[in-house]
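Both complexes below contain chain A, partnered by chain B and then by chain C.
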Partner chain A sequence: MTYEKQMKNNINNKMMSIVKHPYFGFFLIAALMLFVQLLRIAGVDVPIQTLRAFGKTMIYIIVGLGFSILLGYGGLASLGTAGFVGLGAYILGYFTNQLGLSIFMIILISIVFAIILGTIIGFISLRIEGMYLAIITLAIAQIINEVFKNWISFSNGVDGMIVNNRFVLFNQYVVLDQNLVFSVIAVILFLVMIVTYNIMKSPTGRALLAMRNSSSAAQAMGISIFKFRLLAFIVSTVYAIFAGVLYLSYIPSTFPGDWTLSLSLLILAAVIVGGSRSIYGIVMGTFLIFGLDLALLQNRDNFGGFFVENPEITIMFNGILIILVIMFYRGGLIRLMNTLIAKVKGIYSKLNKKWREYRYGTDIK
Partner chain B sequence: MAQILNKALTNIYDFLLKHHESKLAFKKELLIIKTDEFNAKKMKKIEKVELKYKHQLSKLETHAGVESEYLKEKISEKVQEVEDKVYWKKRIINQKIKRAKDEKKKEKLQADLSSLEQSKTNKIAEIKDKFLNVNPSDQDINSYEEQKAVLEKEKESKVKEIAKTYEDKIKELNTKTEEAVKNHEEKIKKYSDVLSNIEESLREQADTVILEKDIALSLRNLSMHFGGLKAVDDLSFDVKKGEIFGLIGPNGAGKTTVFNCITRFYKPTSGEMYFNNANKKTIHLNDVKVHNIIKQGIVRTFQNVELVWELNILDNLLVAAHSAYRSNFFGHSVHSRLTKREEVIFTKRAMKILEDLDLKSYTYAFPIGLPYGVLKKVELARTLMSNPKLIILDEPAAGLNDAETKDLAKFIRKIKDEYEVTIFLVEHDMGLVMSICDTVCAISFGKKLEMGTPKQVQNSKVVQEAYLGGD
Partner chain C sequence: MGEFILDFGIASAVLFVAYNVFKVFFLKYFKNKGKVKGRAINIVVALLIIYTFVIIYQTAKDNYGDRALAYMLLQLINQIPNIATLALATTAIVLIYKTSTTTNFAQSMMATFGAYFAAKTIQYTGARYEWGQTTTVVVALLAGALVAFLLGIFIDSVIIRYSKDKSPVGKQMITMGLVIILTGLMPILFGTNSPTNPLNIPRLFPANDQIPLTFLNTWGIIEMELSMTRHAVYIMLFAIILLALLFSLLRFTKWGLGVRATASNERVASMMGVNTKLITALSWGIAGFLGGVAAIIKAPSSIGPALMVSTQVNGFVAAVLGSFTSFAGPLIASILIPPLQGLLVTLVGAWNFAVVYAIILAFVLIKPEGLFGKKVDKKV
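So, the complex of A and B:
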C-alpha cells in the first residue's frame, strides 16, 4: 500500500469511528434540539408553542430513561412517576421563592430527597411485587399530590407555584432567559443519555436484566436482589426528581393538577410504545405521545382547535397505540423501526443489484 | 469471648486476603493485555514512519529517474485505477450496444469503445512519464544518494526513538506491576500466616470445625423438613477435592433439596455444612448469604436453563463474572477506566472459556432459538467465569439426546482437569453418572443408602431395592 492510500484510509477510518460511536446518535438528538432553538433566535418563525413542547418532551425523555431502567431492566413497575416529577418541581419552587437557596444547592437537596424516597420504595419492593407494588407507588404519588394541594405554606395550594424563571445563582435573584434554559436542558439531556447508555451496557445493566429474568439464578451468580432493587428505584427516582427541577426552571408555573395519575400513565405509555429497553425507542415514544400532542394538537391554530376542545381524542389515540403495540409489536416502535430499516435496506440492495445488472451486464462480481 | 473475637478476626483477614488476591490476578492479567497493546501501537507507528520515508524517497527517485520498488507499486496503483475506470466504462458501452436497435448508433458506440482504448494507453503513458524522469540531470543524480542517506538516517533515528519510548513504557509497566505483585504477595503471605495461626488456635477449641485439606465439602447430619415431610433426613457425606461426585436417587429423593440447602436457597432445619474455600479456610456455610455463596467459590446451575434471554452468549457469561467485578455503580455510569479494563479482562476470559467448550461460533448469538444442548453447555461455561472451586450441576443431562450427553460428559471431565475444580452433580441418566463419577452417593427419601465407587453402588442390594422395589 502506498502512503497516499494509507492516509486516505486513516481519514476514512477516523470519520467512521466518530459516526459509529454509540454517543453520536445522542449528540444528533441534542444538536437537533439546539438547532431548532437557534432557528428561533435567528428570527425564523418557530412558534413558541412548538419550542415549549420540545422542552417539555426533553424533560419527559429524562423521566422515561429513568423509568426504562426501572421497568425495562429491573422489571419493576411504578405508577408514582408523576408525583416524583412534581416533587422535584415543588422543591425548586419552594427553596427558591421562600428560602432563596442557590439552584445548585437545590439540585443537591433534590437528589438527596430522591435517594431517600427511592430507598423507601425499594424497601417496600422487597416485600411486595408486581401489580401490588404499582398500586403502592400510586398511593405514594397520590399522597404527594394531596400534600401539594393542602400544605399551603409549602406549595401555595391549588393556586399553583409561580417562579417565572427567577432563580438564585450566587446569592442573588437572576431572571434567566428561556432560550438559555432550553439549551441547558438539551445539553443535560445529552449527558443523561450517555450516563443511561453506560448504565445499560455495564455490569449493572446486565445484573438488572439477570434479576428481571430469574431472581434465583441472579442470586446464584452473586447478584444481591436487595442491592439492585434499591438501586433501580433510586436511579429512577433521581431521574424523575431531577427532571422535575428542570421542568420548573423552564415552565414558569406549576399546579397540583399537572402531577396526577394521567401523567404517570402517559410516561408509562411513552416507554412501552417506544420500547422499554432502548434509548432511541424512548425518545421516539416520548415524541409521539408528548411531542406530537403538545406541539401540534394542543395548538389552537391547527385543525381549527378540534383537539383542544376534545382532549379525549388524544387519550383514546394513546390507548389505541398501546393496544396495538402490546398486541403486535411487544418490542415497541424501535423494533418496528429496525424491521423497517432492514426492509428498506433489503429493497435498496435488490434495486441496486438490478440497476447494476442493467448498466454493466449480468456477470458482476 | 476470645473465640468470637477470633472468628471476627478470621473474617476480616479473609476479606483482606480476597481483596489482595483479586487485585493480584487483575494486575497480572492487565500486564499481558497492556503489553500487547503497547506492542501493537509500536508496530503501527513504525509502519507509518517507514511508509512516510518511502513516500519522501519516491519523490527523490522521480527526479533522479531511479525505478524502485515503491515507485513501481505507486505506478501500478495508479494504472490499476485507470484500468478499473476504463473497464467499467467499457461494460457500460457494451451494454448499450446490446440494447441499441439502430445500426448507426451501434457504429458510433463501437467508435467510442476504440477511442476509450486509445485514451487508456495515453493516460498510462502519462502516468509513467510523470513518475519517471526520463532524462535526469547530473545534479539530481549526484544529490540523490546524499539525500537518500539523510532520509534514511532520519527514519532510523525515528524508529529507534519510537521503539525506545514503547520499550521504556513496557519496562515501567513491568516494574510497576512487579512491585505491586510483590506488595500483594507479601500481604497475602502475611495474612494467610495470621489466618493459619488463628485457625490453629481455633482447632484446639472443640466446637469449631476445621476440615481436612483434601475435603472440599462436608455435610453433617443435614435435615430439611417441609412441615411433616422429611425431604432430607440426617444426611452426611464428604466430597473430596478434585473429584466428580454424583448424587443419585429415585424421583422425590431430595437431591435438589440438598443442592438448595448448600447454595442457601433453603435454610436447613438442622445440620451443619462446611466448605474449604479458595483461601483454604473452612467456611460454615450456614452463615453465608445466598448471593455471597459464589464469592466463596461455589457455583451452581439450574435444572431448567436460566439464561438472560435479552443478552447474547458473551454477555451472559459476563453476568456470571459479576462477583469478580471491583468497579461500582458510579464507575459504570461514567464508564471509568477500571470498568473498561475489567470488561476487557473478563471478555478475554469469557472468550477462552467459550473456545474451550467449543461454543465460539455462538459468541454473539442470542439464546432464543439455540438448541437445548448448546444452552446447557452455555450454563456450564457460565459457571467457570468466577474461578470456582466447586461446581454444582443440577441434572446437566436432562432433556439432552445421547450424542449431546456424551459430548457433555467429555466437557465435564475436561473442565474438571483444566480448571482444577470439584464437581458435584445430581443426575437421572445412569449412563452418565456411572461413566464420569469417581464417587456416587445414593439416597432415597432423604436418607443415605450407599456411598462408594459407581460399581459398588451399582451392585448394592439396598440401592437396587430402592430403584426397582423389593423382589
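So, the complex of A and C:
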C-alpha cells in the first residue's frame, strides 16, 4: 500500500470528508431534533411544551427557507406567507375531514394548488413591482383570510377546524401520531434544506441574485425575469403550503386568526434577523424568534412565568431586532456567527504559534 | 326622480364608453396606435362598473322593491364614518410615501397609539358621551392625535432619518419592524382592554341622536325618510375640514412647497436650501396626527393593537388603486372603496371585502399605474 493510499484511507480523513460535506450541518440539525425526541421517549424530563415548540419551529424553518429564496435571493418582499401556510393547513383539513383522502394524495393536491397560486402571484409580481408588491400580497393574504372566515363548508368559519382522524400509512400498519409526525417533520426538514441548498448554489440561485441586484441589468445579461420570478414565487409558495400541511398534521386544529399579518411579520423577522441568504442563518433566526419564545419563555416554570404574563416584551424585542439588523448589521446572526468563528480561529492560531515558538524555538520552520 | 338619477348615471357612463370607442377608432385609423390599449382598458373598466351597479340595483330591487334606491342610499350613508377614516388614513400613507419614499406599514400602529392614549385619557377623566361632557371627550381625542403627531416625529428623527440610503424594500422592512415594536409596546404602556382597565372611545354623541335628511324628501329623490347620526355628520365635517386644511397647506405654504420638492427629488431639494429633515419629520408627524384622528373617529370601538389593521389594508389598496404619485387619486379611491364594500353586501354578503380586493387587484393588474397615475419609465 502506498503512502498516498494510506492517507486516503485514514479514518481521520474519511471523517473529515464527511464533516466537511455541505449536507452534514443539515443532518446535524435534524438529528439534534430527533435526539431531543428520543430523550423524551427514553424518559428524560424534557417538557412536552419544548418538544411541541421544536416541531412548530421546524415547520416555520421550512416556511422561512421558501421565504428566503423569495426575499434574500429574489429581492421580492411578500406579506402573503401566513395566508399560504394557512391555506395548506385548511387544504389538509378539508380533504381529510370531508373526503377522507390519504395523506399522499393530499400532499399532491396541495402542491398542485401551490403551483397554481405561485404562478398567479408570480404573474402579478411581473406587473406590480418593488414596494407595491408587499401591498398586493398583503391584499391577497387578506382575501385568503376572508375565505377562511366566510367559506363555512370549506373551513368551518371562525370556529376553526379540527382534524379528528389520524392518518394511517401502509395499510394501517403505521399510524401517524404526534410523535411520529415530529420525526417525519425532522426528516422532511433535512430534505428541504438539501433542496434549498441546491437551489441557492445552482445557476438558478445566481440568476435570482442577479435579478435582486438589478432586474434591468439581469435582463440585459440574458436572464429571463419572467421565468425566474415565477420560479421564486412557486418555490416559496410550495414550501409555505407544504409547511401548512405539516402544521395541521402535527397540531390538529386551525383557526382563521392563526394566519394573520402578525405571523407573516414574525416569519419575516426570523428570516431577516437570521440572515436572509443563509440556511443556517434562517435556522438560527427561527429558533431565536419562534423557538426561544415557544419553548422557553412561554413555559410557566421558567423565569417565574414573567414572559407568560408579559408576552408583549418578546414581541417588542423581535421588532427591535429587525430594525437593528437592517440598519446596522446587514447579514444578521449568521454574519455575527461567522465573525465570531473567525475571531476564535485567529486567537487559536496565534496561541498555537506562540506555543510552537515556546516549545521549539523561533527559527523552526 | 330617483329612477332618473340612476338612469342619468348609467347614461353618462354609456356616453363615456361611446366616447372611448370613438377615440379608439379615431386613434387606430388616424393617429397614434400606442394609446389604443389604454382606451380599450377604460372601456372595459367602465362597462364592468356599469354592470356591477346594474346588478346591485337589480338585487336591491328584488329584495326591497320600490325602496331599493332608499336602501342603497342608506348603505352609502352608513359608510360615511368609514369613508372619513379611510380618507384620512390613506392621505397619511401617501404623505409619508411622498417624503420618505416608503410605504409606511406602521401607519396603523402610530394611529392606534394615539387612540390608546385618547382612551386612557378618557378613562382617567371618566368622561362619557352624555350631554355636557362632549368637550372633555374632544379634548382627550385631540390629545391622542397630538401624541400620535409626536410619535411620528420621534420615529422619523430616531429611525427613518438614518435609513435614507437603504433600499426601498429595506425601508419597508424597517416599518414592518416598527409594527411589531408598537404592537408589543402599546399593551405594556397602556395595559390590555379589560373591565378594570376599560379602553373605549365613545361616540361624540349618543347613537339615537339622529339628524333627519329632509332634503332627500323635499327634492323628491326618495319617498322614505332617512336620517344620519349626529356623530357621523360631525365626523364627516371634521374630516373634510382637516383634509381641506392639509391640502391648502400643501398647496399654499412653504412647507407644502418643500414637501413637493422633497417628493420630486430629495437630494436636489436639500441642495436648493429646503430643510428636508424638518419637512420629513413634520410629514411623519402630520401623518401620525391624521392617523390618530382616523383611529379615534372609528369609534365606537374598544381599543386593541389590531384596531386599524383593516383600515390600513384598505388604505394601501386605495393608494395603489389611485396611484401613490398623486394626492387626489388615493383620496378619490378611498372615497370609492367603502361605498362599494357597503353596496356589495346586498350581492355577496360577507364576501364584500374579498370581492372588492379582488376587483381592485384585477384592475391594478391591467393598469399598474392606478386610476390617476402616470407611467414612469425605468432607467438602468
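Quick note on the criterion: the second predicted complex is superposed on the first by the 334 of 365 C-alpha atoms of A that agree within 3 Å, B and C clash if a C-alpha of one lies under 4 Å from a C-alpha of the other, contacts with A are read in each partner's own complex, and residues count from 1 in each chain.
The rule is simple: contacts are C-beta pairs under 8 Å (C-beta built on N, C-alpha and C of every residue); 3 or more make two chains touch, one makes a residue touch a chain.
Just so we're clear, the structure is a prediction, and the values are computed from it rather than from any experiment.
Of the two partners, chain B and chain C, it is C that touches more residues of chain A.
Within the superposed three-chain model, A:Ile326 lies in touch with chain C and out of touch with chain B [touch as defined at top]. Of the two partner chains placed around the shared chain by superposition, neither chain B nor chain C is touched by A:Gln37. Look at A:Leu209: by the touch rule set out above, it reaches chain B but stays clear of chain C.
Of the two partner chains placed around the shared chain by superposition, neither chain B nor chain C is touched by A:Ser249. In the superposition on chain A, no contact is made by A:Thr237 with either chain B or chain C. Once the two complexes are laid over each other on the shared chain, residue contacts for A:Ala220 go to chain B and to chain C alike. With both structures placed on the common chain, the touch criterion links A:Ile124 to chain C but leaves chain B unconnected. In the superposition on chain A, no contact is made by A:Thr137 with either chain B or chain C.
In the superposed model, A:Thr96 lies in contact with neither chain B nor chain C.
Common to the chain B and chain C interfaces on chain A are residues 214, 216-217, 220. By the touch rule above, chain C contacts chain A in their complex via residues 102-103, 105, 159, 162-163, 166, 168-170, 172-174, 176-188, 306, 309, 313, 316-317, 319-320, 324, 349-351, 353-354, 357-358, 360-361, 364-365, 368, 378, 380. Residue ranges of chain B in contact with chain A, taken from their complex: 48, 51-52, 54-55, 70, 73-74, 77, 88, 91-92, 94-95, 98, 263, 265, 289-295, 299-300, 302, 306-311, 315, 318-323, 325, 327, 329, 332-335, 339, 342, 382, 386. Of all residues in chain A, only 71, 75, 77, 123-124, 127-128, 130-132, 134-136, 138-140, 142-143, 146-147, 149-150, 214, 216-217, 220, 260-262, 265-266, 268-269, 272, 310, 312-323, 326-327 touch chain C in the complex they form.
Chain A contributes residues 1-6, 195, 198-199, 202-207, 209-210, 213-214, 216-217, 219-225, 231, 277, 358-361 to its touches with chain B in the complex.
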